[in-house]
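The same chain A turns up in both complexes below, where it pairs with chain B and then with chain C.
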Partner chain A sequence: MTNRIWVFMTYGSIVGIPAMASLFVLAHYLFPGIAYVFEALLALALITNFITGMREIYIVSKPIPDKLVVEPVSHVPAEATQRGQGKAVNIVISRFNPDRGIIEKKEYSVAADKYTSVLSALIKVKNYQDNTLSIRYSCGMGICGSCGMNVNGRPSLACETNLLKSAENGKVEVSPMLAHPVMKDLVTNFDDFFEKHKAVSPHIYKEDAGEKYGHGGISRQSREDLVKFLPFSYCIMCGLCLDACPVENTNPNFAGPQALSQVYRYAEDSRDGKGEKRIEMVNSKDGIWGCEFAGACSEVCPKGVDPASAIQLLKAKKIGQMLDPNYCQGEKSGADGI
Partner chain B sequence: MERRECDILIIGSGIAGMSAAIHASHLSKGKLRVCLVSKLHAMRSHSVSAEGGISGVLYGSENNDSPDMHAYDTVKGSDFLADQDAVEILVKNAPKEIEFFDHIGVPWSRTGKGSISQRPFGGMTIPRTAFAADKTGFFMMRALYDELLSYGNVEILHEHYVTSMLVKRGKFICAYAVNLADRSGKVLSAKSCIIATGGYGRIFNFTTTAHSSTGDGVALAYNSGLPLKDMEFIQFHPTALVPTGVLITEAARGEGGYLLNAKGERFMERYAKSKMELAPRDIVSRSIITEIQAGRGILHEESGLSHVLLDLRHLDPEVIDEKLPMVKELTMKNINVDPHNEPIPVRPGAHYTMGGIHVDVHGRVFLDEKRSVAGLWSAGESACVSVHGANRLGSNSLSECAVWGRITGTEAARHAMSAGQNSALDAKSIGDFYGEEDEKIYELLNGSGSVNPYKLRDEMHGIMEKHMYVYRKVGGMKEAKKRLAKLYSMSKSICIEDKSTVYNTNFRDALEIKSLIALAYVATSCALERKESRGAHAVVEHSERDDRKWLKHTIAVKRGDSVGMYYSQVSITKWKPEKRVY
Partner chain C sequence: MAEEYLDIRGRRRNLLRLARINLTSFLHLFFYRIVILFSIIAAAIIIASMVSGGQFLDILAYASIAIVWLLVTPQLFGTFKVLPIVLTNGEAMGRLNSSFLKFKESVMPTSPAYKSILAAFPYMAIIVWIALLALLLAMLAVAL
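Entry: the complex of A and B
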């Protein structure tokens, strides 16, 4: 697991510095009058964030739980049933065995050409070599979000990951995501993940529900308004960002990059009636302030959603609110009623 | 016996299923207990793969469009097999649905004025396809799922596979579902049930559909003795990516893309002079295959598939980046081709099944020739209303899902609010049903079967690709039917290697493959009988449409191991059949 610790750190500095710079620009744009105060605060917040983040990352990462003893690799020979021609690639699959409560590594050999994805190779293994392998998949085109897993230790969508390009010395390692409870083989349980998403009330709020279901008419939304939230609406709920997130892996109560990015997505939608009150819902240690800006979520997101930026933007919005002379603690309304 | 009692049971979580759940909940002000069952995580249904857009007349006064023109295009596109009363319902309600999706958060692509952009689509005379880049279905699904989460009365059962349904005395009673997580079975009884499980595109191997598009709900109805309609009509999308079969949206041609053969000719000029690349899909697909058969295709070495080229190089680079980002994403990730610089290899792939469960214009499932089943509806691709007839126009499927999602959700809610409690007689039937189903599943897992399901499926794929593709021959279909009948009987003795109770996908695959083989057999049987060429059903020996004999829907019913067939009338309101030229 040590590899992953260093990965997080690198991602943090790659994503963090440009993101910080862009926030400064944003501050100038949003609050030209008090930009300097704002910048100082923001810089302080981010630097603190960085330092604490790095320390946290040093200390803890999610190890494979003790009970999950990793068994030695067992070789399964390539079979005559292999389809197609091409290069032989060995796939080492970390399979969770629910009956024994352990991960067993098994190796299979498949024939691959330059178009073979990791998913199609796994399906081949299941169909022609070992029917007992469990994989979750559906669309095969990177839009349903089913096939998240670790390929060579990196959280990836199997259907979008090219097998030959991933192979190192003719070998590819595949393992389940660990931030979600493992069920069987490469399949993980998403219940908590879905709950976290649901908890942030991810839907357009209208004061008058009749407007939503009746004939409110087609809204006018400018392209400028559209692009404010569009990048964050590409989330396919694959769960990879949670798997990569160092905070998520140490604090299960953390709302997580997926849910937080959706808070931003709905808060920025010109059709939403709840506006900034959405931020109150996640204005907590397990919400936006839990994020330590490692940036791993954005690095692994297969759809370019950039949850890390969304969370920093939410933080900036919150600080902006607090700097507003009219802002008063007593007046703030909670998440209730969204 | 684990039993879940609810007011409305919805099987399937695509756009139709989730729309139904939302509208039923809204209508009952959150009082009805709605249970939404999905064999996947609910937000992952195949509707997410819809790319190009949703049709509907939004700004008719600005661009001289009208619902009637939309209806005419649809009817002509259907090769006059669509029921015109149903088509009128579709075009009248589609704009309202697009508006609803606007209210629940779909990030529609916008014009400079802030109104919803609409693009040209195949067979549509006026640009009336609203879109959110080229991920329209995905955005609609996310908006629906998120909206659904606001209802406390809706219980979502993720990853539950419905294996069987009890219809007794002309009434829906309950369904049996297996929880994939631990393979436990439960009975779901409800006053109203909506089947919205999508199509059966996976009877083919080279297909744009998700691995999960296995027609489970259609097979469910068929196995319960309910009639299916127009099963022989299967749409082949002209531009499936070679070699993976992934969909390259028709919007690529809507935005101005060309189709080129090996000689670099825009060959559509020979087949549809006025519409060119934007002719309906059946025509474009036949044109591509004709070109390939005439030796003007290109051979893809690794896969052995012949193809033509979709050329976007002449488009403004911004059009690709802003309006077709997914095309670029898919070609880059799948075959490492940048559409800005290189043409895309494409060939027709199974895409949509026009056929499905025989329903009336309200989505009510027929019991026999005249009566419908009390408390049972179907919507979306699993149903055949029919608005698409022999060939669906691109972007009409999302409107169909939304329109009939709402209609069936509303009807099911009204029915549930007025229906009484289940009778004691029903309670006994439910008990017996549970026992039988439990036993069937035990038998499937532990029986003496020896047939590997994946081998069966591969054999079916071979047969379907060879004999039931874009052009069909009478002899080929006869051969296909004979061999599928054999596979159908073999599918009764499937062997499941995986005995695990946890997330056993071998078990689920076996159930899906059984569904697929039954449906492939039905589709082929229906196709063999239809002695004409209409829409997507093109028979070499009967190359003309024959309105005198065949302007009628095929209805198929299970009769033991064979398929019983009869025919029903096509509803014609305003548009008399005419020659179909583009």
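Entry: the complex of A and C
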């Protein structure tokens, strides 16, 4: 109930401010006698906005850790720099040194041709210039989601980012994702990320006795059913969307775009038996209502999952449920989640 | 979380990271943060102008409404964007995988005209919003 009130106040004020401001201006010209009513309502919406907004701002405010000391760039001369053919590109890598507890920037130079990806350049650096560099990767072709990092400040898959195209004045900046705890150099810890994913039960729940023993037939799915959730199932769990998300960056308790997009993915799957409990799991301030729809997650998603749209679709579903007089609140019992 | 990790999540200033990732998203968030704080000042001025009715306070009230008006514009655009997204399951104004969109067209085609009208809606709504702001500024000019 409290959750409902906060949601109502937050969204009410966001809609109320423009609505009342517009009505005030229109009434001023059309019905001047009642313009003051809308002016008073505008003041009320502004006060509500202030209260709900301050509550949001209050949620988390950590002091800046002194670990984040960036050391000046130290050039690493390398005889192996020009190994191979191509143009020389300088890569400035922000490396987290866990022993010293600081981020150090180091610059390396590699030869790149038009096919060189940021990942292959980093592997070159590790193989020929500095074998202490830590990177994580596996497939090298945008499938496994292991090589997420910031390239020129933008969360990207290193294996899918072209080095020459990213170079600005012959230089590319590479740094670890910061919305995941950094372990060493460019390697981040995904424990929290996987926990959040796990918390939304990312698998199909089905009473499948019929299917198993042949009484109920198999779970057929039409192509129409498939298109409802297909793009949301393309997620490779690279964590780039979390790194881009301003809410996740400022409130680590937020479920995050990846987990929320998976809620929509399973909620829309005709084979799933969890039904409305799925949305109930994330019907909270750290769930769907925490999203401010900045849209940065969808901008950086390499697979076109569009988590931002998935979250708005979940909100719309929830509002639909709240407006439905036949909707049974008891449905939510038994739902775990965020 | 083990102590040796670098965990800087939770800092308000992390919002600034967004400026390099996506400027529109940054403005959306940043303006909203300002409007939260400005809300209470604007509300106080409006209430004071309604209660006392002096000309100076009226002008101040119009001016503060105009500032709020500008600051909520990115937020409003985001809100208007939700309508096409919800009505087309992310097809209009979303960022869904392009090969999926081709597949979807072959299974359940959506009229391009319908999608274009929906996609144009947030822009049209913002034009109306700006036109109303012009009216407000006219009120302010008259009051001055």
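Keep this in mind: the second predicted complex is superposed on the first by the 248 of 338 C-alpha atoms of A that agree within 3 Å, B and C clash if a C-alpha of one lies under 4 Å from a C-alpha of the other, contacts with A are read in each partner's own complex, and residues count from 1 in each chain.
Just so we're on the same page, a residue touches a chain if its C-beta (ideal position, glycine included) is under 8 Å from a C-beta of that chain, and two chains touch if they have at least 3 such contacts.
In this text, all values refer to a predicted model and were calculated from it rather than measured experimentally.
In the superposition on chain A, A:Asn127 contacts chain B only, with no contact to chain C.
Look at A:Pro202: by the touch rule set out above, it reaches chain B but stays clear of chain C. Applying the stated contact rule after C-alpha superposition, one finds that A:Ile288 touches neither chain B nor chain C. In the superposition on chain A, A:Leu314 makes contact with neither chain B nor chain C.
By the touch criterion defined above, A:Glu299 lies against chain C but remains apart from chain B after alignment on the C-alpha atoms of chain A.
After overlaying the two complexes on the shared chain, residue contacts for A:Met183 are found with chain B and with chain C alike.
Residue contacts after overlaying the shared chain place A:Pro98 against chain B and chain C alike. Of the two partner chains, neither chain B nor chain C is touched by A:Ile279.
Of the two partner chains, both chain B and chain C are touched by A:Leu230.
When both complexes are aligned on chain A by C-alpha atoms, chain A residues 98, 183, 189, 223, 226, 230, 234 touch chain B in the first and chain C in the second.
Taken in their complex, chain A has these residues touching chain C: 14-15, 17-18, 21-22, 24-26, 28-29, 36, 39-40, 42-44, 46-47, 49-50, 53-54, 56-57, 60-62, 64-65, 67-68, 96, 98, 101, 103, 152-155, 178-179, 181-183, 189, 191-192, 223-224, 226-228, 230-231, 234, 244, 246, 248-252, 292-296, 298-301, 303-306, 308-310, 312-313, 315-316. In the complex of the two chains, the chain C residues touching chain A come out as 1, 4-15, 17-18, 20-22, 24-26, 28-29, 32-33, 35-37, 39-40, 42-43, 46-47, 50, 61, 65, 68-69, 72, 75-76, 78-79, 81-82, 85-86, 89-90, 94-98, 100, 103-104, 107-108, 129, 132, 135-136, 139.
Residue ranges of chain B in contact with chain A, taken from their complex: 26, 40-41, 43-46, 48-49, 58, 96, 98-100, 102-105, 107-110, 112-116, 135, 138-139, 142, 146-147, 149-150, 158, 181, 210-212, 243-244, 246-247, 302-303, 326, 329-330, 333-336, 452, 454, 496-498, 500, 502-506.
Contact residues of chain A toward chain B in the complex are 84-86, 98-99, 113-115, 117, 120, 123, 126-128, 131-132, 134-146, 160, 162, 183-185, 187, 189-190, 194, 197-198, 201-204, 206, 211-213, 215-223, 226, 229-230, 233-237, 266, 269, 271-272.
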